[in-house]
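Every chain is named by a letter (A, B, C, D, E, F, G and H) in the order it is written, and numbering of its residues begins at 1.
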Amino acid sequence: MDAQSLENILNKIQQGDLSVADAMNQLKYFSYDDIGHTKIDDHREYRTGYPEVIYCSGKTPVQVREIFEAMQGKEVNIIATRADKETYEEVVRVIPEAEYHEMARIITLKKKEISFVKTYISIVSAGTSDMPVAEEAAISAEFFGNPIKRFYDVGVAGIHRLQKNISDINKGKVIVVIAGMEGALPSVVGGLADKPVIGVPTSIGYGANFQGLSALLGMLTSCASGVSVVNINNGFGAGYIASMINKL
Amino acid sequence: MDAQSLENILNKIQQGDLSVADAMNQLKYFSYDDIGHTKIDDHREYRTGYPEVIYCSGKTPVQVREIFEAMQGKEVNIIATRADKETYEEVVRVIPEAEYHEMARIITLKKKEISFVKTYISIVSAGTSDMPVAEEAAISAEFFGNPIKRFYDVGVAGIHRLQKNISDINKGKVIVVIAGMEGALPSVVGGLADKPVIGVPTSIGYGANFQGLSALLGMLTSCASGVSVVNINNGFGAGYIASMINKL
Amino acid sequence: MDAQSLENILNKIQQGDLSVADAMNQLKYFSYDDIGHTKIDDHREYRTGYPEVIYCSGKTPVQVREIFEAMQGKEVNIIATRADKETYEEVVRVIPEAEYHEMARIITLKKKEISFVKTYISIVSAGTSDMPVAEEAAISAEFFGNPIKRFYDVGVAGIHRLQKNISDINKGKVIVVIAGMEGALPSVVGGLADKPVIGVPTSIGYGANFQGLSALLGMLTSCASGVSVVNINNGFGAGYIASMINKL
Amino acid sequence: MDAQSLENILNKIQQGDLSVADAMNQLKYFSYDDIGHTKIDDHREYRTGYPEVIYCSGKTPVQVREIFEAMQGKEVNIIATRADKETYEEVVRVIPEAEYHEMARIITLKKKEISFVKTYISIVSAGTSDMPVAEEAAISAEFFGNPIKRFYDVGVAGIHRLQKNISDINKGKVIVVIAGMEGALPSVVGGLADKPVIGVPTSIGYGANFQGLSALLGMLTSCASGVSVVNINNGFGAGYIASMINKL
Amino acid sequence: MDAQSLENILNKIQQGDLSVADAMNQLKYFSYDDIGHTKIDDHREYRTGYPEVIYCSGKTPVQVREIFEAMQGKEVNIIATRADKETYEEVVRVIPEAEYHEMARIITLKKKEISFVKTYISIVSAGTSDMPVAEEAAISAEFFGNPIKRFYDVGVAGIHRLQKNISDINKGKVIVVIAGMEGALPSVVGGLADKPVIGVPTSIGYGANFQGLSALLGMLTSCASGVSVVNINNGFGAGYIASMINKL
Amino acid sequence: MDAQSLENILNKIQQGDLSVADAMNQLKYFSYDDIGHTKIDDHREYRTGYPEVIYCSGKTPVQVREIFEAMQGKEVNIIATRADKETYEEVVRVIPEAEYHEMARIITLKKKEISFVKTYISIVSAGTSDMPVAEEAAISAEFFGNPIKRFYDVGVAGIHRLQKNISDINKGKVIVVIAGMEGALPSVVGGLADKPVIGVPTSIGYGANFQGLSALLGMLTSCASGVSVVNINNGFGAGYIASMINKL
Amino acid sequence: MDAQSLENILNKIQQGDLSVADAMNQLKYFSYDDIGHTKIDDHREYRTGYPEVIYCSGKTPVQVREIFEAMQGKEVNIIATRADKETYEEVVRVIPEAEYHEMARIITLKKKEISFVKTYISIVSAGTSDMPVAEEAAISAEFFGNPIKRFYDVGVAGIHRLQKNISDINKGKVIVVIAGMEGALPSVVGGLADKPVIGVPTSIGYGANFQGLSALLGMLTSCASGVSVVNINNGFGAGYIASMINKL
Amino acid sequence: MDAQSLENILNKIQQGDLSVADAMNQLKYFSYDDIGHTKIDDHREYRTGYPEVIYCSGKTPVQVREIFEAMQGKEVNIIATRADKETYEEVVRVIPEAEYHEMARIITLKKKEISFVKTYISIVSAGTSDMPVAEEAAISAEFFGNPIKRFYDVGVAGIHRLQKNISDINKGKVIVVIAGMEGALPSVVGGLADKPVIGVPTSIGYGANFQGLSALLGMLTSCASGVSVVNINNGFGAGYIASMINKL
């Protein structure tokens, strides 16, 4: 906002030509709570349509539990990712209705009913070992109100397994594709489908996989158009973006 | 498709229970043309809703011109990216209505009118030097039938320039954010907006930028949700995905 | 397959000019089983001549055991790689005839007799520490029906040890060479032998070895012709390719 | 010092034209103690204004305790960084007044009162998980006699949290900014503030963060002027530099 | 700024309890000009005490000249970095009083007299080949009103050259140290001096220097405290930070 | 060879129990020519069945011509790779029957008729831009006496183009697969075919392709068995290995 | 050796013009023992003047003990590096006179008296944490018959500590310099001394040290002549080379 | 030197117990000339036994010529490395007796006769393309007074070429081994010879060579003892170290 415009708004308020409420609308994008170690961003749901998510890595179980407690009163649904069992146990001790999704390493707390949209998100994974990341995407997106269809273990080494399913995959409004090793699956799906594809490289593999680097570079350099990529193992991020697109 | 299902389809045809046309529908995802050095994928427009795009890098001007000539008869719109001036001159010599977008390094050939959707795509760039990549995204997406709003030179070192525009940026149905150096702009936009953000790292910068690596890693590890990433300098890819999402 | 060809096949079936069986033959490359977390590719043995191999990394012992159980009924030989002892114990609990090759970390299950070809594969390793990878290659290739000759601890720092053996090494139809550290052994063997050499870099070494990177780059840039390379520590992959070549 | 100048000094001493004390002043930058495994640099405080700091990584608890004991007699304040609890317990066993700052992993021993300057250092961190590094900076700088103001959890994904605080942040004479993931916070702060910014990348994040590389590269390629960078997780180094600047 | 605070400000204006001018003061950090390809940040000098600098890389000579023309009327001093000779010639064609500093690749335009502070900045470089980067730092800092002392070609391979000068180097209020190859000079200077050291790695060197990576990593892992680092070859950035510190 | 064995051979010769010719046979793997800058390895053809190949990179046109001249008298076929036009012109000036394959950058000199084996090698490439590398493989392998079938422009983004051809590809005795970008084609071919696949990553692509690194890592971490890899752009190496395998 | 020369030797033997012993002398560089998993190279001591060293990493304690037992009978001194305590205990169980050097992780077995040369090797290390690597170098070189002088904890951050010792350091015939972090010490020593310097980078440090990479690159790009480098943490290698040079 | 010792020396001078000359001897390691852009280190020859070498990279021809002129009066031999032809022409214009070694890119100026030691240095290179680096080593070492024997084009792909020469190579007092691609030659030479080996990786190769990285890593991780390494393409450095060792 340039100085002139801001000054104009303030002048209009002063002169009674603009209500404070209208001004607030023009000046939103501000405000948060503070519980000491963490500033909770509770306007976020209003601003972006999603609750702030708790990323548990690098936080102690006690810190996570305290954030849950601080947010609990606000009647918003809460989701915590990268949560190990110990963290869940600390949370569930004081909030018994918190649920744990073990494979996805997610804690959810449902304070109001989730309302689902009609269109679904296709979640496609290359191999059995990619399932935890795929589930992180699936559980997250479902919690945001999206129906999910899972297509697991359809990697490119047996391309016919993919082809049997491609027509159903393509009926999803957006497609999340999870793959480790060479990360080729998003390229193949992207070539067959006409929906946006979100690639999630995983660190499955060894040696020249370099903790997911091969899959990451593979997806970024995909010869198929329509593929964008999130961080290695970032199932949650993919689920979040897919949800944003699916709800448009 | 498993052997059983395929056999069922064939048996039904044999028994007259299924028409060839219906079978074809169940068995689509095949077919292309062949002009020697290149197999033109003209079912692609039908399959994905987009014409095949000519990626000019590594192709000689003559090869590009031949592909234009081969596709020209089919009354599809054609777009060629990463086209230098020499390539354009070879093409325009035989196809005078081909247009050149110099900053975006794109050749377009309009054989039928483009029909535009209503919602627009926001294209946001960090600095003046990122403009060629931003224009590649803008020209591509526009050619696919999307209205474009450009927000250029709003990088994070002067965050107020972004804030003046954030409300208009967020009115786009999807946001493409182009940035070099540390690539922080998608994180900031992603935190303020509630629309999907597609980050395009550029190779603008020097030293520890390592040809775009710093911006790429920065966008992939973004602390904001809702950001997915395409390859370094891949303006076209971002424009394509944004178009897919905008047309949903 | 282009649309025209496919339509021709379908029309011929409809018109009775082609049997379903013949069509199936022209349309193979499809079909698999589904046990929930894993789609078992049992046409694979028919299609490629090899059973699908179970890659145990990232799978729980229970998942591996379930795959064994699902495949067991089909009278195919089964091989599982990267299997730790715990996984073996879960498998052997229900399938007592499963065998464990500890150094190679392989579980095998022989349901029908292996028929061996005449020519042998030479497996050459640089140092004692490379033995687990060498054994993974040897046990795999043997299970696929290839006689194996082992030439271990013949690294380039004592080149005469290699020379004593080079004539026997070269009598193999194909040579697998395993080496860590600088990974120079395939270059030397490739210069002396006239058989295809498959190099397997290992992560043996420290510091500038960077988990096998030095050996990998060394083999890829080999000054000797006739050397191709597989992933770091990928003994199984080398054994598989060597088997393919040996059986030609 | 060139040979001629040195010879001149020596000649002047010989001729009685220069006192040894004055010569010593011209020839300072020498001297240390030796306790076997470590040469203690006790002129350092005189030379640089700071006590030598004990970097505990790679030293045994006993070695650290011996250094404390050797330095203890000299009535200087002592600070030991990267100290785990076990090391502290070894030290406190013989030096009961040693204090432990657990989150910062620092041991301090105050032998004389710390005299504080008036101006403060702003310590800004992006997320809760960056707190240990932020505390290492804060505790160190405080021990060197600087008032500290902490601004934690104000990362760029919620830019308004930063803006509420920017005016107070900028009142510090120098600003330390700690961030992991994409490390964008120093760029944004550097664009808003007019004080020197010292960026500390942290290894918080996963995948393409590559143990802090993304944050490090991000800060080094910052589009904002006024940002310099220290090693990944080097809270102490940032606190030390900030102290140097604050005390100018 | 939280929603409550903002609303309070607006309410006070409405109620006449706060003047627009005072509100503007509480709400600064906004405003810029727009010349199409570039948004000129002319509040920057007020906000940070420095004019916006023109970074010429990736801009055409014409774009740079237009920015000069747009800023020229405002009676601010202007500095443009990474400017090649061609760019300068385009600028000087219309602005004859623009000066070119060839080795530093800088264009300056002095519209008002520079007022110098008393304390100086020491600029230390390792070798003759590092001079362009050192000069970029020196010219920039001088233009910002700082006296400069240059200590060039005092690299660690001849440590006595450094020692002759260390006492004068340390009389600077802040020290900029430029070095390529192994980048060891900041460590040595940092161990001898008691002033903040800003290290600038250069891309001077070859092979394992990897375009400045060895010097960059060397400075970041410096065993001396008090060293912070800017991007490879970023002489301007170092000059800017040194100026900030020197003027405190 | 151990000292004992060698001594035995020598003793047998001395005692007349072994002819020199037989001993020579046991002691082969030695001998070469010397033309100053290069030692020509003319026993190589005898030892490995292939002429030594001239690798022109880093050699002057004159050096290459001299090697041709030195080898020319020996009635062997000669092949020179990575030869630019200038080199060819230097060679053809004195050896008029030398042929140039421009796209493959290969010079060949046929001194005796090539005798072809029956089975063919399949050479598969992903895109038009990969043709130079594919041709390097094809021309080399053909010169070594192998029939070649080319399958160009069948990349994974249009998987049906591959499927139309897979049955003919698989009729080759060995398959060379060339691909840039994400390098996924060998994985897909390897999953469909039952012949050894030699992957050749190319440096086609940009950004995160990092000069072929993405394709290289992708092929090395292929989820399909049966894929081994050669250096980036190493068409010749792949052609050589394919020839070795095809002639077994 | 070319075929002609070899044939000449064999012919001379056959004709009685050359004794087998003389021929053996011309054909040395062959022979070893075989204990199954390891081929012991006992001609090595004769050939290179040093016993083969046992590198324990990747070998089981039992394998190491077996190698000791196999070599023990030969009255050579034996040295085993990278030996953990468990390995030593397995060895000492059957060979009680084996000695363990804990900090250096070395087992030695002295079967004949070591004869020392007169000149000494200087071993210089930067910090206390580098001692294990320094000791590996020192113990090894001493075992090979070299007097050692240790100069520990003389890193570049306190350059005066080095200068006090430089004259004694330079009296060694060869200098080994061990340093982690930025690895600058060899550059400084190399600039002051006129003896060959062997740099040993260590993995001491964190963050941008990247497990010794910063020190390694720093030493390789040293601006001082006379510095060569061995692998990260390779104290033994440095001790071995220093011994070779010291004994010349 | 500690403060106490220095003070003692000064006191002794003052008291007449120590002559200035003796003090100067205890305090050497200082002094240089200054020609503005470069500080010439003319005590270096006295201190290290070698003239300072001019490294021309990054210096203009005029700067190099000025350094030559400044040093010329001192009757020392001068050597300038990495000198292109243009630089030589600038030098020879004013110093006609300067000589140019084109392949080695070295300028030498002989002001006094070189006195040669008896023992020679073996310089071994892998391929014709490595010759420029090998010649840089050879010309440098020769200029320092060492006889040189060259063994070129003896790479590991034809190991017999090396074996014919190994006995003469090993008669050198020290061995320099130059190799690109996988850099395996030093390992093989190091295993056969009993002299110190200095490895020089070159950037010869392509793809996974990564500008010499593969050769560098290969040499650093050599399985042979006795190999130390210098920077990629650093022929001069290797020649210098070899000279140091050869003259011991």
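Definition applied: contacts are C-beta pairs under 8 Å (C-beta built on N, C-alpha and C of every residue); 3 or more make two chains touch, one makes a residue touch a chain.
On a predicted model such as this, the values are computed, not experimentally measured, just so you know.
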Q. So which chains count as neighbours of both chain E and chain F?
A. A, B, G, H
Q) Which chain is most remote from chain B in terms of Cα centres? A) G
Q | Most widely separated chain from chain A, with each centre as the mean of CA atoms | A | H
Q: Determine the centre-to-centre distance between chain A and chain G, using the mean Cα coordinates as centres, and give it in whole Å.
A: 54
Q.
Measuring centre to centre with CA averages, how many angstrom lie between chain F and chain H?
A. 38
Q. On chain E, where are the residues touching two or more other chains?
A. 1-2, 29-32, 127, 158-160, 163-164, 192, 207-209, 216, 220-222, 225, 231-232
**Q.** Every chain pair in contact, whichever chains are involved
**A.** A-B, A-C, A-D, A-E, A-F, B-C, B-D, B-E, B-F, C-F, C-G, C-H, D-E, D-G, D-H, E-G, E-H, F-G, F-H, G-H
(Q) Taking the touch rule as given, give the residues of chain B at its contact with chain E in the complex, in rising order. (A) 127-131, 152-154, 158-161, 163-164, 204, 206-209
Q: Spell out the residues on chain E that touch chain D in their complex, using ranges where they run on.
A: 1-2, 5, 29, 47-50, 53, 160, 163-164, 166-167, 173-174, 192-196, 198, 216, 220-222, 225-232, 236-238, 240-241, 244-245, 248
Q | Touch list for chain G against partner chain F, complex | A | 1-4, 6-7, 10-11, 13-14, 16, 20, 23-24, 27-28, 30-32, 43
Q | List of chain H residues in touch with chain C within their complex | A | 126-127, 155-159, 181-184, 187-188, 190-192, 205, 207-210, 213-225
Q) In the complex formed with chain D, which residues of chain A make contact? A) 29-32, 37-39, 41, 44, 55, 57-59, 63, 201, 203, 211-212, 216, 231-234
